[in-house]
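Paired with chain B in one complex and with chain C in the other, chain A is shared by the two complexes that follow.
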Partner chain A sequence: MYNELEGIAHYLQQLPGSSIFIRYVKSSYQNDPWRSLLELLLFLFALRVWLSKRTRRDAEKGFVGLSSTEIDELVDDWQPEPLVPQAEIKQAPTIIGPPSIKPKVSQPGQPSDKARQVTNLVSYNFLGLLGDQRIKDAATKALRVYGVGSCGPPGFYGTMDVHIDLEKSIAQTLGTESAIIYSQGFATITSVIPTFAKRGDIIVADEGCSFAIRKGLQISRSTVRWYKHNDMNSLETVLDSINREAKRRKAPLTRKFICSEGIFQNDGSLANLKRIIELKKKYKYRLILEESYSFGVVGNTGRGMTELYDIPAKEVDILVGSMANTLGSAGGFCAGESVVVEHQRINSAAFIFSASLPPMLAVSANETLSILNSSSGPNIVHSLQTNIASFRSVLSTIDSIELASHALSPIQHVFFSQSKELQIISTSQKEKSSEEERVEAVLGDICDDALVNGVFITVAGHLRGQESDIGALSAGSTGIRVAPGGAPPPTEPRASIKIAISSALSKKETEKAALVVKNSINRVLKRRA
Partner chain B sequence: MSRSSPTIPSLVISPENNGESSTQAQTKRRGRSSSLVSLQEVPADPQETLDQGALNNYNADWVNFKGAWLMHLVLVTLGKLLIDALPGMTQEISWTLVNCGYMAVTFLMFHHVKGVPFESNNGAWDELTFWEQIDGGAQYTPARKWLTCVPIGLFLISTHYTKFQSWLFAFNFVALLVTLTPKLPLVCSI
Partner chain C sequence: MQVNSSSRLRSSQLERSPNTKSAFLYPRPSLPSLSTTSADNLPDARSYLQTKLDVPTKSLLSHDEYGICNNPDFRYTSSHNSRENSTISEVEDPSYFILISTYVSYVLLIVVGHMRDFFGKRMFKKHYKHLMPNNGYAALLSDFDSFYTRRLKLRIDDCFSRPTTGVPGRTIVTLDRDSADYNNTYNYSGTSTRCLNVSSYNYLGFAQARGGCADAVEDCIARYGVSAGGPRHEGGTLDLHHQAENLVAKFLGTEAAMLISMGFATNSTTIPALVNKGCLVISDELNHSSIRFGVRLSGASVRQYKHNDMKELENLLRETISQGQPRTHRPWKKILLIVEGLYSMEGTLVNLPVIMEMKKKYKFYLYIDEAHSIGALGPSGRGVCDYFGIDPRTIDISMGTVTKSFGAAGGYIAGSSDLVNRIRQRSHGMTYAESMSPPVLTQIISSLASITGVKEFIEGGDQVSEEIHPGPITYNTLPSWMTLPRDLLDGSEGKDRLRRLAFNARYLSSALRKMGFIMSGSRDSPIVPLFIFHPAKLPLFSRLMLERLTKDAASIVVVVVAYPATPLISGRVRFCLSSAHTKADIDELLRACDEVGDILQLKLSKRENKWTVEECIDRAVELVESEEA
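So, the complex of A and B:
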């Protein structure tokens, strides 16, 4: 035994550097067993750490490791769903030829030669400029000069003089310092929000915001607090609670935004811009206003929410709109101070990574703007407002529906009243579908009936299951999802029929179309009862 | 070094969707070996995890670069030489200063400052210290082992050269505890 130890000690002494180690151990002891024990423990701890097995990284937690055979088997098993559900396409009515206020529409499942001329309350043809000869001419002229596409992103030889002209005239129309145009309407707000807000920033948003805004908020990774739809008291309470919370936590100062729509896509209600601006100033927030459905429509000359409330557009920090609705073109715009605009030119994903708007469409949008700015502009807007009013007056006589949209909104949503909705849900045969889908089925019957009677309307389209899929929206480091006085993250939008009113129709024609819709609602509900 | 992509192809199954039962049912039916399938809870904010894995974290990845380990020794030696160069410096004070200095600097860098000094991954690392960012939160990786063992080694050497004077020993030991405690896996991510 002793010999063995001696042998080991001898062997140790043979190792290079062992003499230093032995000297160290010998001189360390120094008649102090406790300290030596401590040092030994430290050494053992280091040894234990060194010999421990690596654990998973955070991103790997919750992953299931599969062998390559298992993966192959899963891949073989996988049956891809069709990209486009065939059945739904067959059921939809089809517009034959170019869309206009009176297009030819074939009934679902019928051949195209049986198409009938109907009144179109589906297209966002608010100003009645769909297929307008002046715009057609301008577009044709631009087509001959510039060709079809712009062939490049704006920062990379995709910008042409027509784009700059359009940006200038949007800024001029609104009275802002500058404007920037995007090539897709949906992607505009989805890209603008993350351009300015990042993780840790605070956005206070209306719970009724559209899908595009919700996606933008999600992509921005900001801390999002929701306030009750169009409820200014709720907004103030939420802003106040954020202030108090920041004070309590001594949180660093971050960028803070209020986000709202002008006219809400999901229900056609009108935001109280005046109060929002007051609150934004009081609590030192910036305002992101989505004007896709209000620009070109409200206000005496159609300049949107700011004109309606008689507020200079400069007060809105980031004013976003779509050119695919009122302007009858495509793409979107964002207007504001020139620093706001210039920041987007090098930071906004949708601006940098998409080809710019085809010049032809830029010219069309510009032409619509110049018509709106001409002396006939106020008349068009006025006749649109008259049509909305007459449409609403016809439909307001039905008890079982709710006209939740504002009297100025060019899109009018027809909801069933709460009691009717509950009744439909409980008596529906479609047991497997969601509540919204059950209501939508009945609304679809109304649309079909209206089409047979010569008015083309449609159920408001939603990506069911996607729009409410924002539960993952960051609550920030605080973990609070519902601010006091605020609203929880929004869920599925209510099912409705979305009707686009147009100034292309006369007051009488609008009333007649409204009457058809009214009769269809009554007929379908009677049939169900 | 390439911590952005896990080498094993993997599948996320969230526990809420009864992923466990269906996986097991499939496993039984198909007669696969079940030893490979293990389930762990999905982290609270999947978006944050997603963003963290989206790009390389240049703030923390250098610990796995070539020469990163050697650099520690080089810097400690340089610091020692620099302090020794001061007039009137004794070995005891010099070693204590080197040890405490190393502990202070690493504590500040690894355990105090949060986030990334530059724009990275849309702020996905904002709430995490450098130590928590290393190797994407995996424990007992080579880099972590090295960074845990270096201060222990440095402490043992410096107590040795301070001739075990009790006050200097106390200083050095407290400094070691302060830097070692946040390195423990249990304390991590608090």
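So, the complex of A and C:
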């Protein structure tokens, strides 16, 4: 033993610089054993931290030590579930050729030469500019200069002059300082919300918000409180209660947002922007407004909610819209102050990690925008509004349905009335499916019947089972909390038929198509009864 | 050294009078005629890029978009060679001096940044409004989150987001800009510069405004317009979608495929359709942001393992399967391993053969993100499976983009038809997002068809069984209205593209290694990262490549990447090669790297037997074919 120690000491002495180390230890520790002990302990502690593996952390959470053979057995025993759960496969009809106002449509499984020409109330052709020659010409011209793809994210040579042009025209049209474009409309809001709202921030959201917004809220990990759909009193109560709670808890000042849609995707209702702006100013919130379905269609010249309510767009802090709907192209945008926009250029995931919008699509969107901004713009918007009104007037005569959408919305949702819905749910043969799916099955029959009679309409698409899956949205140990006067986290949206009105049809044609829809509803309901 | 070079840089900027540039921005350039083949009609091309070619050209391709390189020696076939370790992910360590000085640089930047913030907030309140509570509103941006953007990125912001115009092909035209207020705002002079483009994701060179694919797209616009009019499940499904999806599946050798209109959204909206609470996602630590986004949305548990470390992956699998879910110890519902085929910042390949072995034993599902590898790897361009010779049907889900290799935009999900059909029902992108635009679909169809070739047009093609993968497609797979030139239909051009890319990738990567740069990744990867380390050298590298010091040298646009996209010390420049590049382009790039590498002292490798740049250029074919570099 002693010899071994001697050996080690001898070995130590042979290391270069060891004499200095030994002299240092001897001279500094001679009179202070406590210090030696403390430093030795510190050294051992550091060694332990360094050697400990990641799994040690799990040891505290009940990590079970297993031998290698036990692990092998467990591995052999483990059987995973199928990758995707079994589901009923619903297939949508296919448009053969361009999505014009009178396209050829074939049912799933039908050969394409059997396709029939029908009236299209499905495609987002609100302004009737889908397939317009001016836009085709602009796109072709862009193709011959830029090719198809942009081949790179905006940060790495994917920002082209046409993108900058489009950003400028959107900002100019709305009257905001600046705008930024994304390459997919749906991904825009989902990425914009978490760019600004972080953990600990507060978002007050309308319970009727669309799926994309719900996902954005989920990923932001902020504290979310919901208010009743389009109910301004509920919004005020929620804002007030949050204020009081913050005061009581002496919580530090955090970012606070109100989140609403202009025209709601799920039911076509129109937000009361005027009141929201008043409340946001009163309670010092910032407003995130989703204008995917209102930009380009409401207001005298189609500039959206802010024009409709005669509010400068600058009052909306973060204004998000889509070029895929009204502008008949693809992609989304976010407009606001330049601080808001520039922050997204380096912090918004869907912007920085995605290739930029194909230049020809940016050019097409810009072309549609310039048509809208030209002298013919107000006429197009006006004829769209006339068509919406005539469509509604035909359908309003049926008792068993509800037209919950606003008279300005280019998307008109047809719901069954509450009593009819209950009746359908209780008499449905489909026992395994959810209530919404049972209603959707009947709505699907109506769509099929309408297609046979020459009008193409569709059931509003929803991801049943995933809509209400919004994570642990309201942070806090007590689980999901409902603000007084507010609403619980939203569940599945009601089933509806979604109808896209277009100004490409004349008033008469719209009425005729509406009549077909009406007859189909009556026919299917009669058949069931 | 750096001071010296930056002063030279400034003088060179002065020398470059505006006459080397042209007014190209507004109004837009008039459309070049279809038959243009030479590079000399563009006024802004600098001498090298103006060089007239004495090679006769038969196609309608433009040399600016797709370089003409007819020497059959400059071709190579990309495939796995077991004697070369192509999945290696270790990088040679630089000397301690480099490491320490890099850290010191960052510390300096951070300290100076905080000092500026400290004084700025007190003395220039106006400029810090959005960072401070204001009138009862909390700061819009948190100080901490935006520190990096304001204090580090802004300094070198001129190297990012350079606006461009025209086709992002072999060359690209950047709009000249300068800033008088330290990159807060830019002034556009209205002139532009044509540069050699080693930055765009244009692996197979399909970024073209001319040629057979572009002609097909033009026909498509005339026929279909630019929008499909809605989400896939709400009437936005056109016949073109079915045709393109069939073709993608044929190309990949899977039963079915679906297309989503944005690459990022393909991951972020499909992963939540696959996993949820109670499932485990095992993810490589370098996986793309879209994958993390999707996993976060899904609510599944996530565990990461060190990049490409198969040992750690196996340990992790053993641990997670045996322990089950945290706290409850219930078995996991399922385990999904998500890897990328080719990692976009490292150029490394996934070690697929080992993963396939493990998959048998541990029964996890495999999701491969082939965003960068599809089209770019493998003897027939079918991605990592093709490269390693693995049956694509044994992969559960293969995801990829059509943005990068095929000059289109968007992504696909492929697998068994049962699986794809079910994902269709559950993916957010199919129900809510706009469907893929018809011209983009046409670009996909025409470019994929030119890689596979059409059976009826290939000599002896009629004997090929339809079951064989990878094989040609049949003519009736294409839309009836589509007319493609013969060299696209018989697959000869497509084959040439694959072989040119493979040569270019291997040549550049091997030559830079030989010259003594520290490189990462596989030599077959079309992404070639070169390590720079110091944050101060990053912008210098980018600017020196753009403003070449040698007379008559071509401007080159490069991508520099630093923290947070990479680990703190490994700032790098990343070259993305393309079939569109000629051997002469790579030579020029090598000379530029040599020049700038000497100025910035980047040849840090400790290897012996370094070659000079001219040696590399002369012995290019030998370099490419040798098994070690």
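The definition used in the following text is that the second predicted complex is superposed on the first by the 429 of 529 C-alpha atoms of A that agree within 3 Å, B and C clash if a C-alpha of one lies under 4 Å from a C-alpha of the other, contacts with A are read in each partner's own complex, and residues count from 1 in each chain.
The rule is simple: a contact is a pair of C-beta atoms (placed from the backbone, for glycine too) under 8 Å apart; a residue touches a chain by one contact, two chains touch by 3 or more.
Here the structure is a predicted model, which is why all the values come from computation and not from measurement.
Engineer: Considering only the touch criterion stated at the top, classify A:A324 as touching first (chain B), second (chain C), both, or neither.
Structural biologist: A:A324 contacts chain C only, not chain B.
Engineer: Please determine whether it is chain B or chain C that touches the greater number of chain A residues.
Structural biologist: C
Engineer: Determine, under the contact definition given at the top, whether A:A46 touches first (chain B), second (chain C), both, or neither.
Structural biologist: A:A46: touches chain B, not chain C.
Engineer: Taking the superposition on A as described, I'd like to know which of chain B and chain C A:V84 touches: first, second, both or neither.
Structural biologist: So A:V84 only meets chain C here.
Engineer: Using the superposition on chain A described above, determine whether A:A355 touches chain B (first), chain C (second), both, or neither.
Structural biologist: second
Engineer: Would you check which partner chain A:S112 touches, where first means chain B only, second means chain C only, and both and neither mean what they say?
Structural biologist: In the superposition, A:S112 contacts chain C only.
Engineer: For A:W34, decide between first (touching chain B), second (touching chain C), both and neither.
Structural biologist: After superposition on chain A, A:W34 lies in contact with neither partner.
Engineer: Let me check the overlay on chain A: which residues of chain A are in contact with chain B and also with chain C?
Structural biologist: 55, 58, 61-64, 66, 70-71, 74, 198, 218
Engineer: Note which residues of chain A are touching chain B in the complex, please.
Structural biologist: Going through chain A, the ones touching chain B are 24, 27-28, 30, 32, 35, 38-39, 42-43, 45-46, 49-50, 52-68, 70-71, 73-74, 198-200, 218, 221, 472, 474, 477.
Engineer: Using the touch definition from the top, list the residues of chain A that touch chain C in their complex.
Structural biologist: Spelled out, the residues of chain A in touch with chain C are 55, 58, 61-64, 66, 70-71, 74-75, 78-90, 92-99, 112, 120, 122-125, 130-132, 135-136, 139-141, 143-152, 154-162, 164, 183-187, 190, 196, 198, 201, 210-212, 215, 218-219, 253-256, 284, 286, 322, 324-325, 328-330, 339-340, 343, 345-347, 349-350, 352-355, 357-358, 360-361, 364, 456, 458, 460-463, 466, 469, 471, 498, 500.
Engineer: Using the touch definition from the top, list the residues of chain B that touch chain A in their complex.
Structural biologist: Per the stated touch rule, the residues are 3, 6, 8-14, 23, 30, 32-33, 36-43, 45-49, 51-53, 122-124, 126-127, 135-141, 144-145, 148-149, 152-153, 155-156, 159-160, 164, 169, 173, 176, 185.
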